[in-house]
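Take a look at the structure below.
Per-chain numbering from 1; labels A, B, C, D, E and F assigned in written order.
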Amino acid sequence: MRLSARNVLSGKIVDVAKGQTTAHVRIDIGGGKIITASITNEAVEELGLKAGDAAFAVIKASDVIVGKG
Amino acid sequence: MRLSARNVLSGKIVDVAKGQTTAHVRIDIGGGKIITASITNEAVEELGLKAGDAAFAVIKASDVIVGKG
Amino acid sequence: MRLSARNVLSGKIVDVAKGQTTAHVRIDIGGGKIITASITNEAVEELGLKAGDAAFAVIKASDVIVGKG
Amino acid sequence: MRLSARNVLSGKIVDVAKGQTTAHVRIDIGGGKIITASITNEAVEELGLKAGDAAFAVIKASDVIVGKG
Amino acid sequence: MRLSARNVLSGKIVDVAKGQTTAHVRIDIGGGKIITASITNEAVEELGLKAGDAAFAVIKASDVIVGKG
Amino acid sequence: MRLSARNVLSGKIVDVAKGQTTAHVRIDIGGGKIITASITNEAVEELGLKAGDAAFAVIKASDVIVGKG
């Protein structure tokens, strides 16, 4: 499936931390940059996400704030 | 100001395209990766955003979807 | 690509309205329900979105508000 | 209250799963389609949300990604 | 309709600026604070939003970033 | 850092409630108005957020829904 989301960043999962309903997944996208995603535990299980997996961080352009200075 | 947002990616603006109310700003965060942000024209003007500026892409963890496969 | 997003609704595009930078895409997901998406013009062009196309509306669970009464 | 949000989908709650701070509410919107919402426990309690309740899934157009193919 | 969104701030519209598809609505919520909302033109027309109207700014808790310092 | 986000509301933290991965922070922005933010525990720890702290609620214009009536 191709997506309208402008930002699809490939990387490798470095960490999956599950809480009671919500999990945090950290993806190394290269160049020393890590993206943290907060997703449902259900998604972690359904996709079988674990450290070492190749994965994408998908971010809609309207969810990006620009900072300066 | 420090932010709770987990993802603050430094880079350089490569392009600013303004529409009537909404602008698209593309930020090169290195490693061949470009982040597109959709923000208000007002913000572009207030921050004086233009190609070549150092800038940050700020993204809340709850706005990141994980893709696999 | 499989996605962590909990809501991936299949349907058919009924309308694409482009502005200067932002487009509105309406997707009929059946049962008389239409989903409106606000996306970049760039995405419309890249995916070649037009009325009649099969498409999906992808929505992260954290972006859904529940209303009652 | 009428809302600017373009997507207000009526349905029936099929499941409420509470974690420590965040709950997942699943709403059957008909036609075999289920919407999952991730909301605060506080909201679940304040609205008294439970399986069987009529409810709405409210989604802003700018939070919808379009997928194709 | 009652909403799961934790933030429902009452105020008065001070400005509505329409672009080609997207409009910016500014709401004075008192105490010298103005909230800017970016919504569809369609929503502006359907709700008949104009300066002087009483209105609410509705914001999901997961869309709020905390800043410090 | 200056931000493109149109809504940066100053206030004082009145409450921080941590769950297993997600925390709720409530900020009094004056005029009897409280903003609730749902953020990661990690952010709470990193910024050292606690009741009594001066803080800002940062909200992107595209995340604000307008309600009327």
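The working rule: a contact is a pair of C-beta atoms (placed from the backbone, for glycine too) under 8 Å apart; a residue touches a chain by one contact, two chains touch by 3 or more.
Bear in mind the structure is a predicted one, so any value in this text is a computation, not a measurement.
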{"item": "Candidate from B-F, A-B or E-F with the same interface as A-C, over half of contact pairs in common", "value": "B-F"}
{"item": "Pair sharing more residue contacts (C-beta pairs) when D-E is set against C-D", "value": "C-D"}
{"item": "Proportion of interface numbers common to subunit C and subunit E (over half same, under half different)", "value": "different"}
{"item": "Distance from the mean Cα position of subunit F to that of subunit A, given in whole angstrom", "value": "22"}
{"item": "Computed distance of Cα centres, subunit E from subunit A, in Å", "value": "29"}
{"item": "In subunit B, residues with contacts to at least two other chains", "value": "1-6, 19-20, 22, 24-25, 36-40, 42-43, 47, 49, 56, 58, 60-63, 65-68"}
{"item": "Of all residues in subunit D, those that touch subunit C in their complex", "value": "5-9, 24-25, 27, 29-31, 33, 35-39, 43, 47-49, 53-68"}
{"item": "Interface residues, subunit E side, partner subunit C - complex", "value": "1-5, 19-22, 40, 42, 58, 60, 62"}
{"item": "Residue ranges of subunit E in contact with subunit B within the complex", "value": "17-20, 22-24, 36, 38, 62-63, 65-69"}
{"item": "Subunit F residues within the subunit B interface of the complex", "value": "1-6, 25, 37-40, 42-44, 46-47, 49, 56, 58, 60-62"}
